[in-house]
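So, here come the structures, one by one.
There are two complexes below, and they share chain A, which is joined by chain B in the first and by chain C in the second.
Up next, the complex of A and B:
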């Protein structure tokens, strides 16, 4: 079974924001909500690096662990999705996420948070595939259409890779071998690395 | 007996209509399986290694 992953190649990203635009256009995302954004590290200094950031669909997703109403679920391909009908807009997932992925529409009165919105890996939500309800709440379901996320497909330099984790890791490995640098994949370990083992309790049997 | 020219042209017209109809039917018959296969590719649940996905992976290797 394929495990869906994102991979941001900082050596290739030219900060064009094509991924951000593709995402907003594909899912008709309202103003104020950014499922994906481009972050530039050491902006303005020589050797600055840019990376495209969104929900990474973590292996051990912290948002799933902290949600008090259990809106999150994971597909068989490792895509972390959520049910907007259950979300109470508490914002715990936003504090837990290492990537700042959860977004909250703030068009309500008194700064009220709306239902959480985030990248779905273009895989829709719990509603039936291709339904109006699914599109309205979660956007287009490109995975069910036999495609991959719009951001990754739209990326002009193919800095943002999305798809089967084994395939994109292999593609990245070849790139690193060819260019001889840039083997660090930003966020990869945080999202897909093994969770740290808790410290052994004194006196506990191992 | 001399056949009037108008009769001939009418026969040709009918022949042309018949041939055109057959050609249209054949074209529709050829198109139908294509449309069906496209739909079958689209309704699958979850990730599939489709031609579209394969092409995407190829573009990333440039």
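Up next, the complex of A and C:
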């Protein structure tokens, strides 16, 4: 069985925020909740990089471990889902998650947290597939429709990949070996990255 | 001369050190962007230093269009540390501590049984606690109990209640617990502050408290150790529990109660650990207080229940200095001189 994964290729991302918009649109996510976001590193400096991040569906998920009511479960494809009906809104999953994935609609007084919402890898929730209840709480179940996550599917530069971990790893490997000048190879940047200098000794054999 | 020279050397050395270190700090703060720009020229596509910073959560140059708490932070590594501390020592040793405290009390009960009044009850009652004393103590007591029980559900419920109740039922219990915890918390804090003021004067430490503590109140030997209005054990509960633990638990709780001030996750994680550790120790201590106030000491519960009156024999047995004081006062009021009181005090001090 395939292990579903996300892969964000920082060399390709152009920070268009298309994935963020696609996610909101696909699942009709309430105002203020962002299941996916794009983070830019050193914005405005040559070599700036952008990365799209959402729940990564961890193998040993910290959110799962700290949840006091054990709302999380994992599908056979490694997707981390949760049951909103059980959630008490304590926020612990947000404290624990490395990627800041869990989101809370804060419509109560004093920032009282509602039911946690996060990326589902477009795989819905515990309710029956395609049911109204499932759509309302978790958004569309594209996996059950035989599709991949909306964000990755619509990414214009294919910087964001989502799907069978082995397949997307192969795609990424091919990219790494074919793009650039090999500067990602260890030592090449240091050894061959600088412009070639003429030999120091005048008259030496060339 | 020599001293002067040495001093000058030290001065020079420290200036040199500062001069050497300063640019480094400056580089660490603003260097990442500049470093990256330089690296683009010599090693395009190799951004290793930047990625190292990101991994350590150190890069201050992360930005995002999405608004919210720390949305610009790509990876926060502290969450995993918090997970290991909370699910590890806090839960495991905290659980052991509570079970051991309960077992110790049960063992003491089976071994010694309730502490009885030695002489005959006189049937004469004296007032120990006023209606306000009792009201505020019960307000604190009940709200404390709600906080403790609901807190235990959230820390340990997953392990002992969830397997019994099942997901749906346990979730109801947890949602109820969380809301009670959120709304009763402030009530508890206000009541505790009022109780602190109310009981402060009677909990001032006295010299004889040390003797009481050294003898453990005679709880193990059965020896009679006199004490004032409150004995040293009760004073420890007052200062350590009602004062110190309440402040720590209250402050760390309020930080977590109001996420709308945009405090970051690290603050929340620290607060959570401090809150849980203090609360577990607090509960373990109060188990002892609750035991002694109910079944542990015969007649103690009467002071808090009903009309706040206790039997004279009970007062003499457990709070002899206070008893002598009350008796002295009433004789003094009755007209017979204060020497009676002085004598009683002296007698108390002699012991």
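Following the convention adopted for this analysis, the second predicted complex is superposed on the first by the 179 of 206 C-alpha atoms of A that agree within 3 Å, B and C clash if a C-alpha of one lies under 4 Å from a C-alpha of the other, contacts with A are read in each partner's own complex, and residues count from 1 in each chain.
By our rule, contacts are C-beta pairs under 8 Å (C-beta built on N, C-alpha and C of every residue); 3 or more make two chains touch, one makes a residue touch a chain.
What you see is a predicted model, and the numbers here were worked out from it, not measured in a lab.
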| Touching A:147 in the superposition: chain B (first), chain C (second), both, neither? | first
| task | Would you mind checking which one, chain B or chain C, touches more residues on chain A? | result | C
| Now for A:66: first (chain B), second (chain C), both, or neither, which partner does it touch? | second
| request: Would you check which partner chain A:158 touches, where first means chain B only, second means chain C only, and both and neither mean what they say? | output: first
| Between chain B (first) and chain C (second), which does A:14 come into contact with in this model arrangement: first, second, both, or neither? | neither
| request: With the two complexes superposed on chain A, say which partner A:53 touches: chain B (first), chain C (second), both, or neither. | output: second
| request: Report for A:94: first if it touches chain B alone, second if chain C alone, otherwise both or neither. | output: second
| Following superposition on chain A, which residues of chain A contact chain B and also contact chain C? | none
| said: Show me the residue ranges of chain A that touch chain C in the complex, using the header's touch definition. | reply: 11, 17, 20, 32, 34, 37-43, 45-49, 51, 53, 62, 65-71, 83, 85-92, 94-100, 103, 106, 110-113, 180-181, 183-184, 189-190, 193-194
| Which of the residues in chain C come into contact with chain A in the complex? | 32-34, 36-37, 39-40, 42-47, 50, 54, 59, 61-66, 68, 70-77, 79-80, 82-83, 86-87, 153-155, 157-158, 162, 167-168, 170-171, 174-175, 177-178, 182, 256-261, 265, 268-269, 272
| message | Quick check on the complex: what are the chain B residues that touch chain A? | response | 41-50, 52-53, 56-57, 59-62
| Footprint of chain B on chain A - complex, ascending | 2, 4, 75-77, 123, 129, 143-148, 152-153, 158, 161, 163-164, 167-168, 171, 174
